[in-house]
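This report concerns only the one structure given below.
Labels for the chains are A, B and C, by order of writing; each one numbers its residues from 1.
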Amino acid sequence: MAIVSGVDVGSLCTKTVILNGDGEILSFDIIRSGHYYQGAADESIENALKTAGLKRQDISYILGTGYGRSSISQADSEVTEITCHARGAKKLFPEVRTVSDIGGQDSKVIGIGEGGIVNNFVMNDKCAAGTGRFLEVMASALSVDIDEMGKLYFASQNKLEVSSMCTVFAESEVISLFAQGHMKADIAAGIAHAIARRIIGMVGQVGLKDEVVMSGGVAKNAGVVCAIEERLKVKLSVAQEPQIVGALGAAIIASERV
Amino acid sequence: MEKAMKKIVEVTSNPYAYVEGLKEENNKKIIGCFPMYVPEELIHAAGMIPVVIWRGNESVTWGHAHVPPYDCGITRSFVDDAVRGKLSFMDGFVFHIRQCLQAGEFPFIMERHFKPAYQKVLYLPALYAGDAIRDFAITELESFKKSLEDFTGKEITGDSLKKSIETYNENRTLLERVYELRRGKPEILKAREVMQIVWSSMLMPKEENNELLKELIAGMKKKTVETKKNSIKVIPVGCLCQTLQFDILDLIEDLGMIIPDDDLYIGSRYFANKVGLDGNPIEALADRYLTKSPLCPTKGVWDIHWGDEAIKKMKDNDAKGIISILIKYCPPHACYYPDFKSKMDKEGIHEIMIQVEHEVITLEATKTRLQSFVEIIGGV
Amino acid sequence: MEIKYKVNRLQTTNEIRPLVDKHWADLRTAKERGEKVAWASGPSFIFAYAMGMKCHFMAGYSAYCGGIGAGEEVLKVAELAGDLPESCSYHRLHMGMGEAVARGIPINPQAILPMPDLMVAGRLCPEMSHYAEGLNRRFGVRVLPIDLPGPYSKDDMPRIREFVYRQFKEVVIPTFEEVCGKPFDYDRMSEILRILKEVALLRNKCWEFFKDKPSRWTLWDYGVSIAPVFYLMGNPAGITYYEKLLKELQERREKDIPAVAPDGEKYRLYWDGWLPWAFLGKFMRKFIPNGAVVLCGRYPWEFFPHPELIDPEHPVESWADLYYGMESHLTYSFSPKGTIDLIGELIEDYSIDGLVMFSSKTCRVMNLAQPEVIDVLDKKYGVPGVIVEGDMIDSAMISDAQIETRLQALFEMIDGRRKRK
């Protein structure tokens, strides 16, 4: 069976996954997308090939997905990130029924039916609320990095309320909480819960069904994951590399199209 | 057919210039009717030209000083056009201010800044039970008629009103015919063209539009088209009051979907239901307004369900899905939508909602939504 | 030196909460006692009261929810159920409450009301129809809808009055008779109006104290005192309440105690639009430190400002006249022209320095042509105004920074004009 690749060009990061004929991951790559999506896609494919010790000719099919999917010149076809996230999550967690993906600029919740098909989905692409970007802005308002912010969550004694959903308002809210002398950890916990509130609203619209998989870069933030778990009252499944779930799904669809 | 279509595109590409020209050519007064339910026939019978007010495609500028940003696109765009003097060829306006709160923005703003020679406010009632409702609808139309007579100084006779109604009914029949032909071979026209056809009827004198439609229909009958295989038929639903950005219709088609029919205001809703010709014409006009179907969320109807109507239309057309088009900040539609959606879920119908704004259209995000929808229906 | 302003709180207003709580508690438990329950929007609850039903009122419930701090969580449930932020927050609040019960999502139990035997939907605003429709479609609530158009100009009033009166007689009363299984109680309706008249006359006497300089109380004090002229209508406790309030205000006048310590207000303001129920405190904290006090407003003036026109002898006719009659045309104040007339009067009666036009992002009923209204009044009376955007309940739609800037701008405008004088 043929070697295939999935490329997910997101607004923040570009991800590539290469699968062998048995559907096993040979290599993957994650880089920043920058402003030139096509270049990012080419570079990421190149990196993944290098890691796998392959050449471009070895790949028989490339499928593109993500926000910049139409700018991947090497791709043989494209499928949306909705379908790809569903398929990728299904591969990693066969029992998955709900995927919540929090990417850089958008967030989505996907309801999955029998056989891994998408039943319904909701997407927030209008504003940065509840996305990786939101987290980044808040982290810089607190002057900590994102990883640290995830850890801070667990040091919180007294979780604060960050009520605003809008990045601009929330930022000034965070700054003023900080100025009032509140602990960073407590504010960080408040921020995680602000994102969680946003996500559970979306989960509610799709309908919560176990097992819930969380993908996307924000899934690396243990604080947010924990806040969502607390609110949904279910355990989330998080892939080892939550960022490549979409690219993996794309590669799986590619293998069906060879 | 090409010739007719060319005219239609011309009319709708620059409605401002077209309507202005219309006024000069006919030497008649132009009365702007805010969509959706002003009975244009009365204005026609009064010897003036009724034109349905449209949403322009420009960003709102001076209008900001008059209406808040959380009003819907046509509300903001219309006020902007009016205060900027882009509608100076209009002699008067009619507003049915009971369809939604936003329609209530207009009369005062127009009185202050536009100073139309004629302005009428209508309070068409919600379609609730009881005789008082129908009686009041009739009273409203009587008062409308009287105000027109006062303005022109001429009586609107029963006969002249009937004649106008006939012309309008003919237009409805012709548009129906266009839709029928398209249903048989949906690829014959692009969705944007169909929207332009209906829109042209809102702008042109109906007599002229009727002739144009006849020409178009003759051409449509003759023309053969190749039917694409594998394309997915979908029905767009909603989009009250305003033209949809044509790009969105193009996008739907570019993604491999076909639109055999619609439930849009600038679409099948505009020409649905004819006015009865027996009996009192004012009562007949009231009765057309009081018809519950096609269900409109501005009319207060709840013994039939919009979702059921949409599903029927979908099935009749052998379509596979429904695309709800929700104008941002349109409360009547927004309030109904959750119930529409749950109906779709309950019946297992593929449905997706896209929200469109006057200025910001995030075409990329809309594309992702629609493409996912195709993938879901197609079972990728 | 910078003056430190502080509110002098009234004593009597503390007595409103038990009355209000009792009203809602009675409503919550009505079904257990075998009583019938109605819900209402628009001026229609009086018919339910006349029939001895316990009745919820849309805006009243929303005020109550905002007051007990339950708004936010209930709105969250509505969002879960798919309700969109374009629907007004009163709509979402009711859907959220219904959905919470239907889906078993825990919310503050005080915010949960029994589903009604009948919902009278007075379509004063079209959204009131949507909300009744939603309740009917989702929860099977029996709805009695009536259309209550707000007149754009006075000329339109007589024919609308006829229309509305006919609906009262032909639809509302027969339906209540059917639901309650007894003839309509005109006597009780008269009695309710008699009490209302007495309460409103007392209330008007209290309004006189807004005219004092410095003012003896604030619109917020009156805001929490609205229930007796509103959904506590017909309850004689309202008379006692306003008698007490009047007495307290008289004492203040005698002892020269202002609403705002130490020496009274610097700015006397008018408030347009809904009272922001969930954020009364928030706004208060923005006004008082600046020495600003709000004295009157369109919404609080909707509650029978001319009680002398209430005619208990002809209850149904009088009720229609209160809203659509040529003398007392409560619905007309929703029209920009009516708004301008009303605010103009208030500016003169209460010596207003500035207008705060609260514009709700989800309820446009009082936003209509607000910028025009400001402009007309400024030209006529030289009183400046600003628009403050927000929402009655939904905190996601309120921006502290924006409110602060706009209010600051208003104060500066007032200062500027004072200097020029």
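Here is the rule we use: a residue touches a chain if its C-beta (ideal position, glycine included) is under 8 Å from a C-beta of that chain, and two chains touch if they have at least 3 such contacts.
Given the structure is predicted, the values throughout are model-derived calculations rather than measurements.
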How would one label the connectivity among the chains shown: line, ring, star, complete, or other?
complete
Chain at maximum distance from subunit A, centres defined as averaged CA atoms:
C
With chain centres defined as C-alpha means, what is the inter-centre distance between subunit A and subunit C in Å?
46
Centroid spacing, where centroids are CA-atom means, of subunit A and subunit B in whole angstrom:
41
Centroid from C-alpha atoms only, then distance subunit B to subunit C, rounded to Å. What do you get?
36
Shared-contact residues (touching 2 or more other chains) in subunit C
81-82
List of subunit B residues in touch with subunit A within their complex
345, 362, 364-365, 368-369, 371-372, 375-376, 379-380
Which of the residues in subunit B end up touching subunit C in this complex?
65-68, 70-71, 97-102, 104-105, 107-109, 112, 121, 123, 125-126, 128-133, 135-136, 139, 143, 297-298, 300, 302, 305, 326, 328-332, 334-339, 341-342
Applying the document's contact rule, which stretches of subunit C touch subunit B when the two form their complex?
81-84, 86-88, 91, 95, 123, 125-127, 129-131, 133-134, 136-138, 143, 145-147, 149-153, 156, 159-160, 163, 166-167, 170-171, 335-337, 359, 361-365, 367-372, 376, 387, 389
Which residues of subunit A touch subunit B once you look at their complex with the stated criterion?
67, 79-83, 106, 117-121, 123, 125-126, 253
Residues on subunit A engaged by subunit C in the complex (per definition of touch):
163-166, 169, 172, 197, 200-201, 204-205
